[in-house]
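Written out below as structure tokens is the structure these notes cover.
Chain lettering (A, B and C) follows the sequence in which the chains are written, and residue indices restart at 1 in each chain.
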Amino acid sequence: MTALLRTEGVGKAYGGVHALDSCTVEVEEGSVAGLIGPNGSGKTTLFNVITGYAKADAGHIYLGDRKITNAAPDRVFGFGIGRTFQLTRIFASLTVLENMLVASPNGRAAARRRAMEQLEFVGIAGHHAEPAGTLSYGQRKLLELAYVLVADPAIVLLDEPAGGVNLSLVNTIADRIRELNAAGKTFLIVEHNMEFVMGLCDRVTVLDSGTVVAAGPPAIIRTDRRVLNAYLGEDLPDNDPHPGEQS
Amino acid sequence: MAHQIYQAIVDGILVGGVYALMAVGLTLIFGVLDIINIAQGVLVVLGAYLSYELSTRLHMDLFLGLLITVPAMFVIGVVIQWAFIRRLRGRERTSMTLLVTYAVALIIEGILYEIYGPNVKQLNASYVQSSVHIFGFYLPYIYLYGFALAVAVIVAIYALLYRTRFGRSVRATMQDETAARLIGVDVNRVAAITFGVGVAVTAAGGMMFGATNSFNPNSGYDLISRLLAIIILGGLGSIGGALAASVFMLTVESLVTIWSPEWAIVVFYAALVVVLVIRPTGFFGRQPVRAQ
Amino acid sequence: MSAQRAVSGAALIVLVAAAVAFPVIFSSPVVTNYAVYALIFVAVVSAWNVFSGFSGYISLGHAVFFGSGAYAVGIAAKDWHITGTGVFALLPLAAAVGAVIAVPFGLIALRVRRHTFIVITIAIFFIFQLMAYNLNSFTGGTIGMSAPFLPWSPTTFNDRFYYITLACAAGAVVMAVLIRRSRFGLQLRAIRDDEDRARGLGVRTMRVKMTALVLSAAVAGLVGGVWFLYLTQVLPNTGFDPLFDLALVLMAFLGGLGTISGPIIGALIIEPGQLYLTIKYTNGYASEILLGALFLLIVLFMPRGLVPTFGEWVRRARTRGRPVVPPPASQRAAPPSGLRSEEPATSDEGRRGLKAARRRAGRAT
């Protein structure tokens, strides 16, 4: 199977710090790929570079056959890559439904119908008329997932979809991802929650200090010595203050 | 003609020193607090009026009077920050502080107008009128003293920032407010004091401005436009940049004045717009964070 | 729900009827003068709000469009020798001038971050004021321009201008309402909340912002032309008045930035007040001091403006006991479970929002 998304030798430095270094990651079409690594390993930076929020200093990004290196965020979106953020970014003063409509391409009635469908899919349709700023943290995560989906992207990049939410919601999110994947959507997921990743992903790539140290099926990765070294044992919860900064 | 040009350059450098004195406070405040203090122009004028009062009522020497006006302006600055600016938070903070300082500027201007009316004043001293005559150029004493003062103030601020513990807190806050808080820096105190220092410096700037220009309460508008252009050109937050940009801009204006006095000020506005579009951080400024 | 709509529909009809009947009831030219000015500002602030209120880019340079519209009518009337009521045909020109100027204005100013944007609009404003002073042969320099004579009696003059400005104000408000309800308006508001995120979702942000600016500028230019004809004179510092934009900002903030009715109410409150002070204290700066003080008070005590705050009191009264709605635009999300750390919301509203969010988390997801 061909790789739908491929980063090849991507490098990115912030001042003297190499957030990414010869980073090569492949995501096969129709798979659920995981991206893990300790804090500061460059996972969110890689997302930023792929989606155009940061410029790559070296290397290239390919979507299928098309080279999309350093394309602007709105073009990346147009190519069919959707993305969520580690700290949920929603439009707080717009209603939940309006949030959905920002991303939708179609005309009035069709857009609203599709938006409501997505809201029901993630389970927050009841709040459609409320300002998104009033949603709880978990609900915002669901909203972000929903509006990324509304434009039907070919591949969805999820940045810590299970972070900071309770267990039942984590399972809900995992179920939704499985359903969407069964219908053909490709996912690349950054996560710290090991059970979530191992239970969901077909293939896991491990980053450490900006480079790939291991890649393979979850069962293999789990016992790989290099991965264990990279993590140095305990996995601490995240503490990044700004979206877009390297994680 | 050539002599005229050289004199214009000399004038520009000297006047640039005066403007540097006014701009340094503004850029410090922005660099540390992310605040564009529109009131700076009118605060300079306030400083000029304070010096005026001291020199006409108490017959104090202008430079000596700074010993009083500088602490007074420091207090005024702290009060402004504490009362109005401290509470502003959130994503639109920088825009909001801009509007708030604009409002403060209006109030101060209005009060000054009510007290002094529209008639212009100028500060006087023996050295204001006289100049030293070197190589065929006129170098007014007041400007020489002023330039020296500007350099002294800049050196003092550098010393404050880089040699004191307080300065370390200021620089920490400048780089990352949350991190600074986490290591025990009292961010509110740093903010208030920095704002105070930024305004205190305008006391010196105000005295110099008042000694070299006739002023009235309306002078603030013209001033703030120039100062904004200067600090943005020099780089928001860069003190050395403020000095360099002041000298540069004033020299250019001085040269343009030879041909067309009324359009000379356009130099500032045009430079402001051009720089902001091409290189929004100015020549020495910090790199912006990408997200708004 | 439909009872509410019936009530607001009826209220609207009453309002329109009152507005139309106003000069008949209050026939003194002094009173209609206040009304004309108020309506002028209702129109301009609604136009300003369409751009700045919805997108979040506070413009302190709208006087550029207003003044340019005024001068355009003056210059055209002089050069093309138009007199009498024919001058009104020049108003579309004023709108066009405003729109055309908005294009380079926006291309230059909209590339930068929001606070820098404000500074650029100030700079462009001063450039235009300077041009008005210096381009003597074109703009009349410090003498300014005069409008052609209109053969109307004072009462008729004020009454007719009342209806003209009423039409402008109504048009501006209708435009604002239509935009707010449209997809275009949605994109603008998304830009205000999180511009980068909107870009990432495919919104053509530059195009959207430019369109809003051009529409806003066209209306401002048109109203500038009307104002010139009413006042019969424009000078560099009245057409390009540094306090003009601050007054607009104040009106919008007082009423509620981004809402439709907010700026209207703000204009109706402030403009007559300001006019009164200017007439009473002709040489003083009282209105300036008050403008500044009022703005500070609003920012400190009622930052969201009258309409949202009032709406909230009503809501709280109606739904007693339920949690307060946290303020939308300017606060970051506060995670209820406290697992994620974010910059702590330290303002009062942020704290309330945090408490509300915690309370909600205590219940279901």
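Rule of thumb we're sticking to: a contact is a pair of C-beta atoms (placed from the backbone, for glycine too) under 8 Å apart; a residue touches a chain by one contact, two chains touch by 3 or more.
Quick caveat: nothing in here was measured; it's all calculated off a predicted structure.
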{"item": "Centrality ranking, top chain (CA atoms only)", "value": "C"}
{"item": "Chain of greatest Cα-centre distance to subunit A", "value": "B"}
{"item": "Rounded Å distance between subunit B and subunit C, as computed from the means of their C-alpha atoms", "value": "32"}
{"item": "Subunit A-subunit C separation of Cα centroids, rounded to whole Å", "value": "40"}
{"item": "Rounded Å distance between subunit A and subunit B, as computed from the means of their C-alpha atoms", "value": "47"}
{"item": "Subunit A: positions in contact with at least two other chains", "value": "53, 241"}
{"item": "Touching two or more other chains - residue numbers and ranges from subunit B", "value": "178, 290-291"}
{"item": "Junction residues of subunit C, two or more chains touched", "value": "194, 196, 329, 331, 343"}
{"item": "Residues on subunit A engaged by subunit C in the complex (per definition of touch)", "value": "51-53, 72-74, 76-78, 83, 85, 87-94, 98-99, 101-103, 105, 108, 131, 133-134, 136-140, 147, 151, 163-166, 168-169, 237-239, 241"}
{"item": "Touch list for subunit C against partner subunit A, complex", "value": "183, 186-187, 189-190, 192-194, 196-205, 258, 325-329, 331, 333, 335-337, 339-343, 353, 356-357, 360-361, 365"}
{"item": "Subunit C residues within the subunit B interface of the complex", "value": "56, 58, 60, 108, 111-116, 118-120, 122-124, 126-127, 130, 133-134, 194-196, 242-243, 246, 249, 253, 284-286, 288-289, 291-293, 295-296, 299-300, 329-332, 343, 345-347, 350"}
{"item": "Residue ranges of subunit B touching subunit C (in the complex, touch as defined)", "value": "36, 84, 87-96, 98-100, 102-107, 109-111, 113-114, 178, 217, 221, 225, 228-229, 232, 262-263, 265-266, 269-270, 272-273, 276-277, 280, 288, 290-292"}
